Amino acid sequence: MGSDFVALSLPPLLIGLCASMACALPGNFLILRKQALIGDAISHVVLPGIVVAFLFTGQVSTWPMMIGAAGAAITAVLLIELIRRVGRIESGAAMGVIFTSMFAAGVLLLEQSDTSQVHLDVEHALFGNLESLIWLDAEGWASLFQIKALAGLPVELLRMATVLLAVSAFVYIFWRPLALICFDEPYARTRGIAATALGFALVTLTAIAAVAAFDAVGSIIVIAMIICPPATARLMVNSLRSQVIYSQVLAFMATVLGYMFAGYVPLWLGFSNTLSAAGMIASMSGVFLACAALFGPHRRRNI
Amino acid sequence: MLWSALSLTLGYNATLVTLGATLLGIATGISGTFLYLRKNALISDAISHATLPGLGAAFLLMTGAGLDGRNLIGLLGGSAISAALGLMIVTWLTTKTRLSQDAAIGSVLSVFFAFGVVLLTVIQALPAGRQAGLETFLLGSTAGMLFNDAVLILVLGAITTSILVLFRRPIILVSFDSTYAQTLGISPQKTDYLVLAVALAVTVIGMKIAGLILIVALLIIAPVAARFWSEKSDTIILISAIFGGLSGYLGTAISATAPGLPTGPIIVLCSFVLFLVSFLLAPRRGVLAAARSFWVFQRTVHMTQGLLSIAQNQPIYEPKTKRILQRRGFIRADGVATQAGRALAAKTLLNERRWSFWRNKMQQTGDLDESIVYSLVSIETKLTHDQIESIDRGLSEEQQERV
Amino acid sequence: MTNFALIADNGAFVEKNVDLESAALNIQGMTVSYGSEPAIYSVDFNVAKGTLTAIIGPNGAGKSTLLKAVMGIIPTVSGQVRFFRKPLSKMRHRISYVPQRASVDWDFPATVKDVVLMGLYPTIGFFKRARPVHLDHVHSCLRKVGMQDFSDRQIGQLSGGQQQRVFLARALVQNADVYLLDEPLAGVDAATETAIISVLKDLKKSEKTVIVVHHDLSTVKDYFDHVLFINKSPIAQGRTAKIFTEENLSITYGGQLSAAKSGLAGA
Amino acid sequence: MNRRFFLGSLSAASGITALPLVGKEIAINIVATTSMIADTARSIGQGSVKVKSLMGPGIDPHSYRHTRNDIVSMTKADLTLRHGLDLETQMEDFFADLSRKRSVVAVANTINPQKLLNYPGQTGRYDPHVWMDPLLWTLVTDQIALALAKEKPEKEDQFQKTAALYKSKLIQLNEYAKTVLDTVPNKSRVLITAHDAFGYFGKTYGFDVIGVQGISTNSEAGLYRIKEIVDLLVEREISAVFVESSVSDRNMRALIEGANARGHKVSLGGELYSDAMGIEGTYEGTYVGMLDHNITTIAKALGGNPPDLGWQGKLKAT
């Protein structure tokens, strides 16, 4: 069992953990700023980015697709912020207008450049699959210490670890101003904080983290992890600091439990087919949210 | 070609799809506006994602019971039930917990979709049944609209529009201020469920006919665009219906003129163009109009202020005022007023004095209109010639008293 | 900039000997508009150091707009703002602003201490944690407003008056020289009103400048030594004793005078 | 749903069992990505192979989601047979990694590009649906036989023999197809389907092939395309259009309504298998059966007169 676990389950688990926690962290601020749906918006917006990347590079490999998707995501975030502020439109509607139009533009581009013959849809070109991130060079726990074996680790692990680090650094550095612009943005301006720029940086960083996570583990985990762990934590605690810590713990638990329920429990129950890990992880975070919504100590609105 | 498409003479499919898309645009434009006014525009996205588990469960149940897993009514029913369940949870989360609306929508959307995917991987392992392409099985394509689809849209559109128009008042009241509505005896829960039920019907059926992204787009873009043109909710609903119908009509026509133009996405892009036009050009709320009127107002304010300062040889503080006056040749580079500047300054000062004299008189008679900023308006345009003469006489009398 | 003399013409009295330039707050020709509707037009306003000034006027007179424009929260059409002759960008640490209570979601996950600490934002840098000296300072400011026992309470569980005191404590923590408060006494209990006013009076005694948007005319005379009458444009400004007259009130409030009258009777 | 049914059907489905001992000989443990490859591998390997197909019959590669036991079975298999030609784009990185440590053979990648259909405007990218042409599939059969021989050299000649037998069956099927499809009048040799998967069928048997939509799941047909095909239906008096098991039939019904409106009767010629085979255990659930079904259905619908139950009389009576 040992070598199997290390080779086939350890890497997906670690990558899943990095992705979930990297998405849950900014989620805490996004749900307070009513921008929780940014993950869903970005998952639709990446199509034109991919088609453009394909037209330029002609191949369906990882880096071009990720750069194209990141480009599209940042453009979308810019446009959403622009029409929200200048047109005084509610942020949900602003997201709706932009992501549906960009997706439509993507399909049009797909048809016009008749790349619709190629398997160039989002599901295949960009979205990764958690279970297929394995580490064949591993013989057992010992390989964790052999440099040669470590070279065989899936590259997504390094990428997601860096993303997690970057997001944690951003949140740690800008902790106070972020809390301030979420609580009282006009007051933050009087204290000299560039509130608009900081808000934009938060959303852009989340967009880039989301695209990297799309490539590693697919969109389902990203969209759920940006919202459910922070929302669950919000119903359980009353201080922003503990909310962030709780959201990380919840993301961790949802990933581990979800992965076990998808990959191992069906086999223990005698079935021969396992289930989608991404789907189960996100569903698990939904179960946590449901429990918190029913029994969470701070679920009610105070005033 | 475009003309024949527009005049519905381009053959059966084009005509049918044009009519169907236009009707769908109108119906979604109207129901979308109510969603927009209630600030949950993205509810339709949540509904569309929440259908997946229902789809999977229905397929499993029907195959388990030995029926054909792909029977349309069963799948549609399953999707509708799970979407309705999702909606109830969103409403419950929003009212019973401290979560904001978009967090509730986001969590239901993501968790339901995820559970749907888990069910799909269960189905995938079943040997029996024809589960290939189940996920996209329910998603229609606009160009492939059938006759009974168009009829269904007509019926659905008629029902939803009449319900919403009938209950327009209470719904708008609740979305504006639900506590006040309660005092009038309107129950916010009932109106909420009514609007959400309509959104559910439009999304689930619309998804089957026209595809997922088109329905979400039609429900969001037209109302947002319409909002730029009016402040009255009734007019917004009307304009949104027109925008929806127009984008459906134009989109289909364009899509019929050349190859490689998918109908759904073209309709979405047409409504986006309508949004762009409204966003930029709408008279008051439009960005360009607002910017222009702000800029004109700013220029007048700086001009008047600057000239009054010149007239009373006060220093001009703001660099912007100096720039504006200089550009118009009223002051020289070193800030000294030119001949023209002095003349206009005197005129502005006189205008100011006359207005302040007139304001005091209006004050006593009590019909002073507070909203107008008098000093920005030249008095000749507002009062008659002899009224101005009487003011001047009054001013000169005051002058004698003070001297 | 409109000339002071002009304002004098329509009967309002203006302090002549205030040094325009070195005032704690000097506003020249400020105009703000929402769309093309002017909210305030050509406001000149001058506040001497060490005074306690009220800004009064009917609903929609632009009182709160003026404060927000001075603090740079909303864009202006025209106008120049100087604190002791320097622009706001150079004086941020010496200016303290208390927004309206309703402008914030009080269900936010934060304790009273967290909110008051926000006032120390620039001094406690990005990385550093709040050191004991900061926490003592926070605690002393909370004691000034009588909220020392609520330090770890979640802000949503406070009454309106208590929330207003927390906002005031957040302002005090900055040790600023000029304080601008937007309707601090609106809808608060009597005990909070007296507590807040005594704090403001202490500030005045220690040569700080306090400017308050106020709505209750009955308390203007007892609480404030200077007043600005405004209704889109300034009507009158100066020492309360001199200009808090029937005439200025009628010019400012016009039709709404009856409501104001009842307020005056109480003075 | 009752648990008994659920448990029963799931465990019966293919799964990793104990060491694949068949008779006394240790069988080669093979995982095939598509059911077509699995079916051919079983026919060649017969007793000495244990084949697990990732995508069971009735599942198409577009919407398949890999779960953990697929990955486990591939890492444990002696040989993984995959299709190639970009059919499994979402698994490219995984197969690249797997092939470093295990033997992975892309059976269709080695076909001579001249024989393959190029995409309009794309160089080096080919239509992957080679299984639509039995002759091309004989090349794939050779690849599979070679791969099996590499795993079990001592069985090489036996594999050659079974492969030759299988190939002769394919050639006879091809003959049957030619004779049956020739009965279709020249004018209506037009195959209209939901998505563009029958290129090779058209190339081999001289049919014009028109797919309403592209292969990518995000692709969507435009009205111009629908009108174009309806005009074609009327001009060439084509009597039937075909639905596919893995794609929604909405576009096809719209074509039928469009043609009927112009007074030309068109019917649904029946359901063809494009990316997925029939239900497991049925004749249509095998590669030969799937093609036989397609050939017979097309011939019958477009005016030919094929034997009702197809080449070997094993087709399910429609």
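When the chains are written out, they are named A, B, C and D in that same order, and each has its own residue count from 1.
Assume a contact is a pair of C-beta atoms (placed from the backbone, for glycine too) under 8 Å apart; a residue touches a chain by one contact, two chains touch by 3 or more.
No experiment lies behind these values; they were computed from the predicted model shown.
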| item | value |
| --- | --- |
| Chains touching both subunit A and subunit C | B |
| Most remote chain, CA-based centroid, reference being subunit D | C |
| Centre distance in Å when subunit B and subunit C are each reduced to the mean of their C-alpha atoms | 36 |
| Centroid distance [mean C-alpha coordinates] between subunit D and subunit B, Å | 49 |
| Length of the line joining the C-alpha centres of subunit C and subunit D, rounded to whole Å | 77 |
| Per-residue overlap in subunit C, given as positions that touch at least 2 other chains | 107 |
| Where subunit B touches two or more other chains, by residue | 98, 117, 120-121, 124-125, 260-262, 264-266 |
| Residues within subunit D bordering two or more other chains | 10, 13, 62-63, 65, 67, 213, 217, 219-220, 222 |
| Topology of the chain contact graph, where touching chains are joined (line, ring, star, complete, other) | other |
| Complete list of chain pairs which touch one another | A-B, A-C, A-D, B-C, B-D |
| Subunit A residues touching subunit D - in the complex, by the definition given at the top | 4, 7-9, 47, 60-62, 106-107, 110-111, 113-125, 127-129, 131-132, 134, 136-137, 152, 154, 262-263, 267, 270-277 |
| Residues of subunit C touching subunit A in the complex | 68, 71-73, 89, 92, 95, 97, 99, 103-111, 114-115, 118, 121-122, 124, 126-127, 154, 156-157 |
| Complex contacts: residues of subunit D adjacent to subunit A | 7, 10-11, 13-16, 62-63, 65-72, 75, 86-87, 89-94, 97-98, 100-102, 119-122, 125, 127, 196, 213-220, 222 |
| Of subunit D, residues touching subunit B in the complex | 1-2, 5-6, 9-10, 12-13, 56-60, 62-65, 67, 212-213, 217, 219-228, 230, 245-248, 250-251, 253-254, 257-258, 261-262, 275-276, 279-281 |
| Interface residues, subunit B side, partner subunit A - complex | 36, 39-42, 45, 49, 92-93, 96-103, 105-107, 109-118, 120-122, 124-125, 213-214, 216-217, 220-221, 223-224, 227-228, 260-262, 264-266, 268-269, 272, 275, 279, 285, 287 |
